[in-house]
Amino acid sequence: MHSATAILLISCPDQRGIVARLSNFVFERGGNIVDSDHHSDLQAGRFLGRIEWEYEGGPAEREQLRLDVAAVAGPMGGQWELHFSDAVPRIALWCSKQEHCLLDLLWRHQAGELGAEIAFILSNHEVLRRHVEPLGLPFHVLPITRENKAEQEARQLDLLRRERVDLVVLAKYMQVLSRDFLQAFPEVINIHHSFLPAFAGAQPYHQALARGVKLIGASAHFVTGDLDAGPIIEQDVIRVSHRDTVEDLVRKGRDMERLVLARAVRLHLHHRVLTYGNKTVVFE
Amino acid sequence: MHSATAILLISCPDQRGIVARLSNFVFERGGNIVDSDHHSDLQAGRFLGRIEWEYEGGPAEREQLRLDVAAVAGPMGGQWELHFSDAVPRIALWCSKQEHCLLDLLWRHQAGELGAEIAFILSNHEVLRRHVEPLGLPFHVLPITRENKAEQEARQLDLLRRERVDLVVLAKYMQVLSRDFLQAFPEVINIHHSFLPAFAGAQPYHQALARGVKLIGASAHFVTGDLDAGPIIEQDVIRVSHRDTVEDLVRKGRDMERLVLARAVRLHLHHRVLTYGNKTVVFE
Amino acid sequence: MHSATAILLISCPDQRGIVARLSNFVFERGGNIVDSDHHSDLQAGRFLGRIEWEYEGGPAEREQLRLDVAAVAGPMGGQWELHFSDAVPRIALWCSKQEHCLLDLLWRHQAGELGAEIAFILSNHEVLRRHVEPLGLPFHVLPITRENKAEQEARQLDLLRRERVDLVVLAKYMQVLSRDFLQAFPEVINIHHSFLPAFAGAQPYHQALARGVKLIGASAHFVTGDLDAGPIIEQDVIRVSHRDTVEDLVRKGRDMERLVLARAVRLHLHHRVLTYGNKTVVFE
Amino acid sequence: MHSATAILLISCPDQRGIVARLSNFVFERGGNIVDSDHHSDLQAGRFLGRIEWEYEGGPAEREQLRLDVAAVAGPMGGQWELHFSDAVPRIALWCSKQEHCLLDLLWRHQAGELGAEIAFILSNHEVLRRHVEPLGLPFHVLPITRENKAEQEARQLDLLRRERVDLVVLAKYMQVLSRDFLQAFPEVINIHHSFLPAFAGAQPYHQALARGVKLIGASAHFVTGDLDAGPIIEQDVIRVSHRDTVEDLVRKGRDMERLVLARAVRLHLHHRVLTYGNKTVVFE
């Protein structure tokens, strides 16, 4: 992808002519579509689409484009998002004591894989500070107790607003976010170290060993008020055997967690994920 | 493997010298070990092993060998099984209306993959008879209702005894076996069309679609009195996308079910599966 | 998919407005697009697309539609194909002595997975006749020797024409088709029992064992005049270990061959495969 | 694994009683076997085994044990290695300009996954110094030209000797090692960014894109004088589509390279890899 692009994600009741209307819309504005992917869920009567075209307009034109999209997409009665590939999203990485997902995302960030700016790293513990500060990134520590949780979440929200953060990535952040927090800031991706819905909740590797499964997995999902029950973005599994102890499951699982979380974050940051009921459509 | 082999599977409390005792046992009888695999679960304090050696003894010697094994393995305080690779196990395939797992196993049987004799096919419906009779295999129909279940299970057990069946394979047999049945005949492998423990129970593909998972799976397990909760032998998964309807999941899932069930049955028939608590050790 | 659909596959030099032109084309004819997928290969300057819409026109209208498509797609300077989901393609399955791919495709055909009619089965050997005739399908045997090859290929072409065959599937047909044959009938899918381009040519499993690879695979590809070098449609792999003999590789490989060939054939018969240079685009 | 263990790897002509002799050997010395895995390659007439037992002897006893093993294994006419789990191997990581494999191994080292000491990092370029020095590890730069290669390899060998290095890991080191170097120091693992033997040599991702494969892979292998042709230790693959450019293949491939190299190195450092002709046996 050499020039910048505009990306429209849309989900609306299915109806005749949507693709034509959207592609005409682009064509009339001189756009060259480089990628488009549309699907109708006939059972749900829902149209789901992603359209990406070369776009070089400046800020004022983008504002206008947004109004124009609203004018064409609004009457279709659904949800839509308009993104620009050169508008770099700002993300915050939240962690606790385990470093593998954090380090992996930091490395991918440096390698240019994510396509995002890291606004800050936040943790409820000090231990990972030493990995972050050498990179010149802010590291905020907000310890959480039962008593101070509401207060600390207010501070977190404040930070997110001040730093204009678009997405929070829970890179092994071991605190549950309250419903109030999520209502105020709903854009949160988490990695759960099991193949959901199996082994939701605590200690999935211990659960997996006890159940004797032959594959373990990891699941990246949007966070909702229901623990480990939000829309799944990406999942993967790895084979285990009777020789694997809990420590081996943890080690093998770390690789899955790193890969699955990174893929999910990258897909979302490239505007390839559309939420739809409690599910996602991933345009890849 | 050119000559016949004897195979000893053993699970017992871990203790010094087990491998030496077992391999001496074989060596003293002039046996040549072609494959052996031992593992100590240090957490559970349990030794788990499989030892296979070239063996050409006749029936009387085999009976003696069994007594000798009992003498050496008995004091170790565990469970053991002795098998001979040229003693072809007899299996019964049970099905309902779906043919894919049944046909797959029948084909693998003809291709010599299973290493078993098929004693009979049993169903609670007539529909699959036409696939079975051309092959010259017996096809028994025992329809099940709430009222006649106990009575039909008695008939099933009678058939299994008369036909000297070693293993029942539930190839999409859609009836739950009673605890009484399983106590009388515990050697039963089932295929469940989900990645257990996710989506146990009815309609796993509908559940999977509703939950929006990115992979669907199949699990082959020994049947116990707890529905879909017995020791898992083999599992595998396949990727799905938003384009997949329930029908697509069913279609993709059939391939997983066929492969996973066939692998589990083959592993068990080659005496590579050891049950251990509610888990299996698979020596492969 | 409940009603019939029309499907347009198109590959042409990339240019502004193609998606708009195509979706307008559908919309002006009252069509409801149920699935569309377009991609521009920016490096090659090539547009690649698939568009599927609900369509209920009769034979005369379809002929007109074809002319209309030619009128809109022709000036774009590329290749296009128009298909109708209710126009059942006719396929011929060719085999030699190994039955696994043939039986698998026959079963999938009966299960309604392929969406095709089987015109006939052809072999250069008699052995698989017994699997085919009970199904009421024609089984033609044309033995091939160095001397009679040209003559037999003429007979094969004659059969294909007479039976109006759209696609030949080489389900372990162990003869090389001549360039002349392929020029006369280019729609041929083959399964090669390796992960191409590794181990092209004869005895790939022996080659794999000698090289000590840790995964073996299978590749389904369109057949061209260059042996095992045509456009790849689908590939998959399975893990092997030092315990696996050549016989084990053959057994494991059969499962890969069956799955990979069936997926490739199904994707092609559902008009999801577009050839493009020596590569394929698979819209899934 | 709580206490230290001794590990014997052995490859020799197959013969009756090997397992008994080896396990007696352990038992007579009061050892408790925690894991043993033996296999006879009947076609090659070769016995391949790994036996691991709890061991707490000091340096003198270890020297004696080595002599005792020689006495029992020597007459069997094969190769053997004796290792102790608490004798931490020393490794050198060699890199050029790409950091992904290096950083991954450094992270795994810190996470305790590798079970090795890193003696030094060596590169033919300066660029990765900044990743290494903050960790307090030595970073040596020896630029290679056609003219100075022999001289620099002498320096490399000198470093390896002085630092008592057991294993060199080529973590994207883009220079070919000479046969002379490998004769002097044969313990070298490399990662090749393709599914060998496909796409050996330069630019495998470009080759993969041109050939239109549906999966790309990575292969970790021992280095021999024949480029990319040494014994393969581990391989894995990832699915690609027509949407993937060379840059995408490079990105996806990096994940495969990281995982596959790390797994191979870990397996080797845990003494689970036995070389055997041009192949490896991996005891896992």
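List of remarks:
Labels A, B, C and D are assigned to the chains in the order they are written; within every chain, residues are numbered from 1.
Heads up, the rule we're going with is that a residue touches a chain if its C-beta (ideal position, glycine included) is under 8 Å from a C-beta of that chain, and two chains touch if they have at least 3 such contacts.
Please read all numbers here as calculations on a predicted model, not as lab measurements.
In this assembly, the chain whose C-alpha centre lies farthest from subunit B is A.
Taking shared numbers over all numbers used, the subunit A to subunit D interface scores over half, which places it in the same class. Between the interfaces B-C and C-D, more contacting C-beta pairs are found at C-D. Rounded to whole angstrom units, the spacing between the C-alpha centres of subunit B and subunit C is 36. For this pair, subunit C with subunit D, the centres built from the Cα atoms lie 41 Å apart.
Counting partner chains per residue, subunit B has residues 35, 39, 42, 241, 243 touching two or more of them.
Across the interface of their complex, subunit D is touched by residues 1-2, 14-20, 22-24, 26-27, 30-40, 42, 51, 239 of subunit B.
Those residues of subunit D whose C-beta lies close enough to touch subunit A in the complex are 35, 99-100, 103, 107, 111, 113, 134, 241, 243, 251, 254-255, 259, 284.
Residues of subunit C that touch subunit D in their complex: 39, 41-43, 48, 195-199, 210-215, 217, 231-237, 241-243, 245, 276-282.
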